[in-house]
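Below is one structure. I have some questions about it.
Here the chain labels run A, B, C, D and E in written order, and each chain numbers its own residues starting at 1.
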Amino acid sequence: MAIETTSIKRETLEKLFSNWLSEGKRILAPKKLGDHVDFALVGSLAEVSLDQVQTVQSPKIAVFPRVEELLAFQSTDGNVQLRERDLAVLPETVIFGLRPCDAAAFASLKAIFDWDTPDKLFSARLEKITVVGLSCSRADEYCFCTSVGGGPGAAAGSDILLTDMGREDFLLEIISEKGRQAVRSVSAGLQPDAAMDKESRLARVTPAFTVEKISSVLAALFDDASFWEKQSLRCLGCGACAYVCPTCACFDIQDEGGASGKRLRCWDSCGFGLFTLHTSGHNPRPLQSQRWRQRLMHKFSYMPERQSVLGCVGCGRCSRACPVDMNMVEHMRAVAEAKP
Amino acid sequence: MEDLRNKARELLAAKAVQVVVGYGRGTGASRRAVFIQSAAEAGELLFDNACRQNLAVYLMKPEVRKLGKMALVAIPATLRTILQLASENQIQDLELLALVPDASGAVTQLATFAAIEAHVVLQDNDLSAAEKGELQKYEIMGMEQRRQFWEEHFSRCLKCYACRAACPLCYCSRCTVECNQPQWIPVPAHDLGNLEWNIMRAMHLAGRCINCGDCSRACPVGIPLHLLNQKLISEVYTHFNSRSGMAAKADHAMSTFKPNDAEDFIR
Amino acid sequence: MSDFNPKIVAFVCNWCTYAGADLTGTSRMKYSPQVSIIRFPCTGRIDFMLLLKAFASGADGIIVSGCHPNDCHYSSGNFHARRRWIVFRSLLDFLGIDVRRVRFSWVSAAEGAKWAQLVNETAEQIRLLGPFKRYHQLRGLGVE
Amino acid sequence: MKTGFYPGCSMKGSAREYSESLLAVARELGRELPEVPDWNCCGATAAHNIDTDLALALPARILAAAEKDGMNEVLVPCAACYSRLSVTRHELLDDEALRNKISGLVEADYQGTAKVVNIIEWLASIPDLEAWVKKPFAHRVACYYGCLLVRPPGVVKFDRPEEPQSMDLLLKKMGAEPIDWAFKTECCGAGFSVSRTDLVAKLSGLILEDAVSRGAEAVIVACPMCHLNLDMRRPQIEKQVGKKINIPVIYITQALGLAMGIPARKLGLQRHKVAVKLSPRTAES
Amino acid sequence: MARIGVFVCHCGENISATVDVKKVAEAASRIPGVAHSVEYKYMCSDPGQQMIRNAIREKNLTGVVVAACSPRMHEPTFRRACAEAGLNPFLCEMANIREHCSWVHEKSEATTHKAFDIVRTLVAKVKRNKALLPIKVPVTKTALVLGGGIAGIQASLDIANSGHKVILVEKEPSIGGHMSQLSETFPTLDCSQCILTPRMVEVAQHPNITLHSYSELESMDGFIGNFKVRIRKKARSLDEKLCTGCGLCVQKCPSKKISSEFDAGLGLRPAIYVPFPQAVPNKPVIDREHCTYYRTGKCRLCEKICPTQAIRFDQEDEIIEADIGAVVVATGFDIKHGDFFPEYGYGKYKDVIDGLQFERLASASGPTLGEIRRPSDGQVPQTVVFVACAGSRDPAKGIEYCSKICCMYTAKHAMLYKHKVHHGKPFVFYMDIRAGGKMYEEFVRRAMEEDGVQYIRSRVSRIYERGGKLVVKGADTLLGSRPLEIEADLVVLATAGVAQAGAEQLAQRLHVSFDAHKFYAEAHPKLRPVETNTAGIFLAGACQAPKDIPESVAQASGAAAKVAILFSQSELVREPLIAVVDRQAPPLYSSCVGCFLCQPSCPYQAIEKEEIRDRDGQLIKTIAKVNPGLCQGCGTCVALCRTKSIDIQGFSHEQVYAEVLALLNRGEDNV
């Protein structure tokens, strides 16, 4: 459908919030928690924090939570009964105020979860989210959406995109049918307003590299061990980058409980040595440099190749979260400049 | 700063060391670890108050160790880490140099554990008054308040193990969380798994932690992990009169005992 | 809370407290049946993680008991254990976990009566504190 | 560091010269010795024969007053008072219930912060005492500790109870030559001074005879009671042993005062029954 | 899949009176992995054991849980039964439902429930038990005996006579120890040397004993059955093979005024000397500190007159290495000199002496040829005061323990004095008389009643000289504490028996522990009095605590018997319930990171360093290794290890973890 551009007053947005809540939807939005801002369930627009560059964690928690139950089991006298998740009871969720980069990330996640056999739980969760994006008026030195095909006002991935125009006015772009449904209760309060200059409100994010260049170099760099060693010398091998990443989709499955219990899916990271450790003790990626390479290759080479989608949206969270300041932009530039 | 750069140049040119691990410019105003392998690169070195990472963590990284003999730009915590690692048989004497810049920019080179010990004795190795004050704030809270405080913090833990990776004393090649026969710590980052992981981390650092604070700084979700370590530092000092990282050969608080250790809680 | 039957796990050393509990039996002294014993060679063997496992698995209270100082069959295992418990206790307390749920004691092979008393006192204490729901519930929290 | 001074009754009466010499020495050393405010009797030998609580309450009141006045230690030159105050502090520090009870009796919150020190400890704490010595007290002396200064060891925790050395060391610093003798800590007869003078004469006689037989020229004491028995009871002693004994008995503060060049009159030496006549000797002799 | 057999015992009615055993057995049969579950009246009876054996064979059981009494009671019984049926005995566990359940609870649902909880817990454990084989350690059948006093001599002879080699190391030039210095021994008053010297000669001549006198242990490594020792043989400055012991050098040596150690300072000896005439070996040694040649570079008289040219001035210490299977420590004690009681004047007055000096005065071979003459002027003392407890039993000024031998030797001294000086007046000042021992009390009585020794119950407050007499002051506490003074000619102090000066250093070399007074610590005060906590090292004599001769000899024989037991087989067989360090395939080789924080926690020094090297000998990593010969299986290291790299067989991580979960019904075995 064509994008429908209107404007909305903050007070109408507040009304919309209470309408969503009364319709039984949860609202997940950036919220100030102590000295940082992260996604949390909110009860009103007042609770939402809109002025941060980014949240610590990504909104993937709505569709791919940190720990989720896949099924429950019960063993009685040797007979095992399984109880699958009731997908119908998964809550409808409005993710409000996420940045365009984050909105774009759902496509990457979907590409992986639905790659071969669609992941029923993931799909059901994805089905039940409505993505209300908010354009970026500020960016920081970690942001690089424009280098990976996105932008501070990009609509891809959002059902609705808001742009704060100041003075309690928001530009509201309805991008999908889901988006239209979401604002139907306040459609009377929406005013078509062509005079609003969205571009002027957007942050400037200068492209730092081109994906084409990266993709072409990466494949050839695979065997350049010294390149990767130098690049990753500082990396300590924690999972912070992967866990705050909106597109990282690796998980581990754990059964908990004895005779009765649950099968849980939880996040995992290719940065961990344990990730590829074989039972035999052999590890095909024994070095941190190989694991760092894997991370970049997966996002910028394997995913475009196999799923036709980049594994990176340029949110910069990995760099912000990194305890040793592994700055993704710098590393990508280094790739682009490498002479394999 | 020039002193430090010159020292690095000198050491690298003379092949006294193969790599100088120090601080350089990071994103924005931040500082990050740099690995200077030639005299020409020495200009990248920086030293100021923003240099806070305990670079001793790289002593235990095989890829860095592989580079050869290391000179480590050291802040007070780094020196104590070196001694603690030595006392845990992880590094040998004369295997590294420590370069200690002072406030004026002058650099002291410490080449032996004995020299580091002599330097460390002169540092203030106690918890600072501010740290003690902060600790006390929690100690005087009610038990239930403390529980809520930690439950809220731990509920955010992602189990990304950045705290472990950043800790120079978490060098085990197989961490307890990686043991699955039995599975001591639940893998998922649910509340139980998070609590058990954090208790275990604190216990395994009891009598060993040198209070660099890198765990807290590494935590992407801002859990004040240093409080747990500082609490045990204070307990170990109070009860056993022991401080970690003071000597290259030392009796470890948790693997020794005194016949008259407190036992008022044993009835 | 009258119908609350606490679950209490006792971690004891083989040489003193296990034998002491045997003596309680041979002396036919009665005590609360809510306590069950797990035998270890020495208190020095008892891993603090096991205490956490017990709580996570539904224990409401824990007893840790071994030889009196200087009586350790292995001469110093109990001393090492004592040190560990000093630190562990203060950590638990700092985390807001009620340390009254873990009772440490020295019970010798001759102290059958002390064992019975220890069990009864602990059971009573745990009964007063009620079920350790806060801890037992942790397993489910944080799972979506 | 604030050091208080508890004189007790004898320092104001029979042993005035002890007090005079102490204060003269302190003045010369530049040490202030303020008296414990509103002090009372230590209870002496009488109180603990009558009532154990009273025996503790009297010294506790003194110590509480000293504490309240901000004194970190109390100098108690009289060995008997020293004993009572030390015993009280020892017993009350060990027993919280008792401390509370006695605090209640004396209506003061006694904490036990002020340390009780005797004259030897106080003098020994003065750095470089030798430097103050102008006229070395170059005599052979018998250091007589008496019974209460070093006993009971568990309470006073000071010097060896049977073979003390601390006073000998101080006298050496003053230039004297302490003799090795066997009566350092023997009983002088003490409180029997009045009731059984005959016993005192016998016991003190043994002490003086041994000192004289080993060539001592003076007996050095740190206790008013000892001084009284050895000095004032000299006629009875001489009658008992059947011979004249001329050896003077001098307080340690007097000996120090002389060594520091303080005039004898300021030290109260004229008050002694046995004239203090010491043949001048050079330090070399 | 595990096939566990559960055997629930009624124990007559001991269990079944309060526990519904049928219900327990029935419930146990439903536990996953349980292949067989029955109950029976008496599992420990022959038919009961037969049931188990049959079930193992018929049902192919992989593990057995006997729910009955305490494992401390019948574990060996049932493990043997399992072994007889071909099941590894370590695959059998006992669920204690009697002492820990049926006997301590009333009959109730809860009691039955608890019994089942216990069974389920042990089933969970036994499923994770591993078949274990006893540990075999080779044994070198040579014993090292440290110290050649009576305890060391006795231990050496007993071990040698049981057919094993002994290396006896004595730090002095001669063996004999304190006993050789004694005059006569209580309570029989036989001459000490007369009974000792034949033993000394036997040691010298025994084909199984190698004696290294004037030697000390330099270092020791290894473990039970496999110690490696280095012995420093100090330079005697003569060739022992050439020396015939003629004694010419001793006679001619010009510097003769050296205080004799053997005579406790009461006699003199030359610079080249044999400590005493019956010394073994009877070869002199040059005291380099006092020898004129070593001091001034001139003399060498002994060298000139030696008929066999045996003197070697340039001789150096020699290090002897040996493989040893067991060690008997018999390094003895020392006596404290007068330090505790300055007021007694020991050291100030020549005639205040200690007990050992009196022994020399009373000894026929002593400096006075057995006549009691006081050191100051050689006069025969007319009055002698003996002071018992001169330092012992005095926590305020001396040591708190009782030195044990003083009451008896003081009585002996007083008696010997009286026998030699008939008109003399012996007084004994004592606290209490401790004369427990065969014929001991009678001996003391004899001293009091037949020999007229006057015993005064009094501490001595002071000893001082007056008019050539020693005034001993005290107060007779049996006579209303009346002060008393005795003018004595000689005072003998029974000073405290204390540990040897170098006891601590030797303990560190041997890795044995010691008590607060530096006496060596036995493994168990009651049941393992001759063993130390270090396997293969045994104690004999007064190095453990003050002892008299018969006790020292008895303990020495005890230690020798322990050594003989160890040497009775070529391999030492031990229960395999010990700690082991993880080993795995490359590239990790082991999860151990080699921090060695476990090392100081081991009471047995069983944790060693193991270097893992590649084929070229390059060091890959250094990890911990548990010496199976030393480990006793306490598991302290296991709980300490952060990487869980040490585990203990029989109480493994998996086993105890499963037990906790099963007990709380959270394991996979719940029903």
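Operating definition for what follows: contacts are C-beta pairs under 8 Å (C-beta built on N, C-alpha and C of every residue); 3 or more make two chains touch, one makes a residue touch a chain.
These figures come from a predicted structure and were not determined experimentally.
Counting only chains that touch, the fewest steps needed to get from chain B to chain D is 2.
Setting chain E aside and leaving every other chain in place, the chains that still touch form these groups: A, B, C | D. Steps from chain A to chain D, minimised over paths through touching chains, total 2. Of all chains, the one whose CA centroid is most distant from that of chain B is D. For chain A, the chain whose average C-alpha position is most distant is D. Rounded to whole angstrom, the centroid-to-centroid distance between chain D and chain E, based on C-alpha atoms, equals 52 Å.
Chain centres here are Cα averages; for chain A and chain C they lie 46 Å apart. The geometric centre of chain B is 44 Å away from that of chain E, both derived from CA atoms.
Chain centres here are Cα means. That of chain A falls 70 Å from that of chain E.
Within chain C, contacts with two or more other chains are made by residues 48, 53, 76, 80, 84, 139, 142-143. Touching two or more other chains at once are residues 176, 184, 188-190, 254-256 of chain B.
Shared contact sites, meaning residues of chain D that touch two or more other chains, are absent. If you check each pair of chains against the touch rule, the ones that pass are A-B, A-C, A-E, B-C, B-E, C-E, D-E.
By the touch criterion given at the top, residues 26-28, 30, 32-33, 35, 53, 57, 61-64, 156, 158-162, 164-166, 178, 186-190, 214, 217-218, 220-222 of chain B touch chain A in their complex. Within the complex formed with chain B, the chain A residues making contact are 34-36, 38, 56-57, 66-67, 140-142, 229, 232-234, 236-240, 242-244, 252, 254, 256, 264, 266-267, 269, 272, 274, 287-289, 319, 321, 323-325, 327, 330.
Across the complex, chain B is touched by residues 48-49, 52-53, 56, 69-70, 76, 79-80, 82-99, 103-106, 134, 138-143 of chain C. Within the complex formed with chain E, the residues of chain D that make contact are 153-154, 160-163, 180-182, 210.
In the complex of the two chains, the chain C residues touching chain A come out as 139, 142-144.
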